[in-house]
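Two complexes are shown next, each including chain A; its partner changes from chain B in the first to chain C in the second.
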Partner chain A sequence: MGPEKMKEIITDVLKDVDVVIGYKQGFDKLHATPCFINKAEQIEEIIWSPVCVQNLASFLPSLKAKKVGVVVKGCDSRTIVQYMQEGLIDRSKVVVVGIPCTGVVSVKKVLDKVNHQPIEDVVFEADGAILVKTPAGETKLSLADVSPDKCSTCLYPTPVVYDHLAAEPIKSVKAPEDVYKDVEEFEGKSLEERKVYWEKEFDRCIRCYACRNACPMCVCQDSCIAESRDPHWISQKSNLSEKFMFHMIHSIHLAGRCVECGECERVCPMGIPVNALKKKLNHDMKALYNYEPGVNPEDKPPMYTFSVEEKKIEEHKL
Partner chain B sequence: MADTGFIPKEKWGAFIEGLSTKAQVYVPCLEGDTVLFRPFGKEKTLCFERPANSPPKSVIFPQSDTLFSFTFIKDPDNPQKTEVELKEHLDFPKTIVIGSRPCDAKGFTVYDRPYTETDTPDPYYKGRREKTTIVTMTCNSPSAGCFCTAVGGSPADKEGSDALITEVEKGYFIEALTEKGKEILQGPGVEDGKAYQGDATKKQEAVHSMVKNPFGPKGLGKVSPELFDNDEFWDNAVSKCVSCGACTYLCPTCYCFNITDEQTSDKGERIRTWDGCMYVHFTLEASGHNPRPTKFQRFKNRVGHKFSFYPEKYNGVIACCGCGRCIRYCPMSVDISEIVSNLQGA
Partner chain C sequence: MSEIAPKELRIVGFLCNWCSYGGADTAGVSRFRQPTDLRIIRVPCSGRVDPLFIVKALLNGADGVLVSGCHPRDCHYTDGNFYARRRLEMLKQLLPYLGIDEKRFHYTWISASEGQRWQKTVTDFTNQIHKLGPLHSTTEAHSGS
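Right, the complex of A and B next:
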């Protein structure tokens, strides 16, 4: 699918909104970057290809004062539904341009395949093959081999909410029971093994908060407990226990809210698989409350409700 | 001619191991897909093929550094009376960094001006800097986002390094640049380097032309004061920024910090930790007023510090080494070189 149809839609949408958020090419062909379009001449810059990885819906709460058009993939569209559930956006001020998506690339995986050489060109072929050109030569990759893990179990290739659709809808062929297979597999390890694994991963954390700031559902942002002196739950020390604590807080604040866009993990400059923690909590929320975040605007997030006796939680056994 | 040496490839591991018996050695190690500087150990997977995700700045300027510890001691005879016992932390071990890149090494010279070349040097930074030998590796190829040659550096730049290593066909050519660097030539397995000088020079020159120059053939011009003070310019330039601190924490030239007392019961530590101008709390004043409440003002400061305020204070030296990490690892692919390029006057 080319970006032509999308450009047409955006040309129309722009007449009615203050800004449209889409993608344009970043500093090389492997990197897209968000573009904020408010003039018709910017529309030519728009691209759509599997390098369009960022979740653009994340910008919506900060642009509440404006009428905004936003380009979303299926996974990103769940963010909008979750914002609606939590009252974080005014749906009437958002125009959603949905893109049925056949998968994006993981920049980290592509760079690994081409030995981190500088990228000269990236071409996506119709059959799903990717040609990556570097000074060392041309490498042919298949999209499936370099997609982020979330794509391999994607149930929502077509946005769950949209006003315009830039292509024909795509039906997911993935099995719902596979979504949390990785979590179940990991839970099969012993407590000690899991502890060793996470200690090793979190040791690399530099507390840059890219995971937090890129997270569409991390709405505390400037009032995050990680930097607060009062209450003083976490010190500024760069040690394992503080890093661990921050990631636990981040994850638990997202229980039953994380839309699994994977931004936290994608943006981590230290390659820490932080999304796994959020998936684990979502898995539990599904088991306990039969709730899946960001799918139905009418749903109420479980942590926003209260029942004296929850059906699946037997308190006396706690 | 500076002193030179050569280490055959098969002796490279033993050379590093040998140095690690005399000093604490930091080397770039592969962990998963990430390369970062770690203390050398035989079990580590060393990776010199590409620049580390984070520069070795934490070796000399740790992310959190205990300045001193304190203990409150009550007088048992007069509980109203409390004394504070202080313990300084100024003992720094001899350290060698192997495999920093020229941009990383140049980063330390950016720190040196405010931290050591002043009337009030910083004892923590200065102490570690003097005890550390920087052994830099010439880049074999640029990485995505690199632009060192556009800001006065090069893939074989010597500034800030004590020794420069260039990989040649059969091994590693070492050039000692300082007295500390000459000590490295005493390491195990180092042979006479003269025969490899020519190969090394050729290699260094070949990479130079591969680095991109985002500022055009004339190089970096003067920053236009009109554009620099135009709020709309900044608002448009960084609307996509999410205001995290990945760019500042991965930057070899960002040196801002925070100081906090971290205390439990009667004991505590005064620590200095990295801080970054991209965070909203960075300029938050005790009164609650924040002079830089928006992300564009914060980003303007970051660019301003590197390309305007620092050069004004230090003879035109740009406080950016062009390592490209802030571009490569930015969640939204914000490109500082593009922004600076757009800031140039006509």
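Right, the complex of A and C next:
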């Protein structure tokens, strides 16, 4: 994948936008961090490699007043489409630089593999291998082993919306029916097992709200009902039912909107599978309303509309 | 829940002002016998019922939740119950994923003239909840920790 081509495109784009959002290197070679560029000399800072994990499209609604260029991977591009469906951005003021992506790394998984040693260097080889250098020595990893779960079922490696493309488009080789395999597998468990599972997971939650803050579709920001006192949906008490309630607020507000970028799960300091709830909702939205978020700008999110005769909803009998 | 006789469970009902609340009133005026486990909350329209109301009720002491509105096409505000139907169906499918029996939540449509139907719905739903038993022994043990 050509960072050089991407830099060329960004040099061009920068001429007629206020700011370009891209990635630069973070505090070590394993971490990338978002960067905001408005001068041509800053372009050299920009990087592109599988450590560029963040969803940069998340910044767009807060920069609505400006003309913005943004670098997106395939999964992140769905965020832009969803923003368009919901009228949260003005597409004419956004220049999308798409990157066909072959998968990113999960920083947590890499650190687990090298026993959380300080990272000295990370080299990505052409065949998909990753060389991680630490004081303890060199470890060779394969990208498939350390990529987040979302990459293993990625259907959109090439952005679904873009103005410029930094490399040749890539076709997905993943089967669409595999995307919700984990949801269906979990549904095979008994009611009691599921209850115990979620109670165990949510009990670890420290309510740092990182999942909400990182979520591109959580656009209420400071007006989030999880923190408001009026109405007072949840209290400061640190007990399971409040934690459970917070996750219900987060996931129900994302019903039929979640683009499955996986940011919630990536930022969770407690390793709670937050994304699983949203995947379940998306699975149902597909089954009930034949809707997939963030794919077609002309679609309407299912909770924003209705049909008089719902073909898939049957009346429930007692 | 020691203050409540063991026989009675807590069921929360969200009823729309224009149809189902009227239906419940009709049932009362007609002196139909009904179980007393249900506590009714009157809402302007079934479209007012946020799925989170139901979750909050189930997490905070209710053993069952019943939502009832006008029949589709009969909504006082034209389309409130159409939106409600989509949201409530979404929740109905989500609850079992979390390990909460979907039978604890029921939504239906009852008009102001259907006193008899209201009586039947309440009786059947209450029986269903009694068959499942109380929801809260486990959650309460956790909330103390």
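The criterion applied here is as follows: the second predicted complex is superposed on the first by the 313 of 318 C-alpha atoms of A that agree within 3 Å, B and C clash if a C-alpha of one lies under 4 Å from a C-alpha of the other, contacts with A are read in each partner's own complex, and residues count from 1 in each chain.
Here is the rule we use: a contact is a pair of C-beta atoms (placed from the backbone, for glycine too) under 8 Å apart; a residue touches a chain by one contact, two chains touch by 3 or more.
All values reported here derive from a predicted model rather than from experimental measurement.
Look at chain A after the overlay: chain B and chain C fit there side by side. Once the two complexes are overlaid on the shared chain, A:208 sits against chain B while remaining clear of chain C.
Look at A:192: by the touch rule set out above, it reaches chain C but stays clear of chain B.
In the superposition on chain A, A:288 makes contact with chain C only, while chain B stays out of contact range. In the superposed pair of complexes, A:239 makes contact with chain B and with chain C alike.
In the superposed model, A:119 lies in contact with chain B only, and not with chain C. The least CA distance from chain B to chain C in the superposed model is 10 Å. Residues 237, 239 of chain A touch chain B in one complex and chain C in the other.
On the chain A side of its complex with chain C, the touching residues are 183, 186-187, 191-199, 203, 233, 237, 239-241, 244-245, 248-249, 251-252, 255-256, 277, 280-281, 284-285, 288-289, 302-303, 306-308, 310, 313, 315-316, 318.
On the side of chain C, the complex with chain A involves touching residues 51-52, 55-56, 59-60, 72-73, 79, 82-83, 85-87, 89-94, 96-101, 106-108, 121, 124-125, 128, 138-139, 142-145. Listed in rising order, the residues of chain A touching chain B in the complex are 26-28, 30-36, 54, 58-59, 108, 111-112, 115-119, 135, 200-201, 204, 206-210, 212-214, 222, 227, 229, 235-239, 263, 266-267, 269-271.
Chain B makes touch with chain A in their complex at residues 31-34, 36, 49-50, 53-54, 62-64, 141-146, 210, 236, 239-240, 242-246, 248-250, 258, 260, 262, 271, 273-274, 276, 279-281, 325, 327, 329, 331-335, 337-338.
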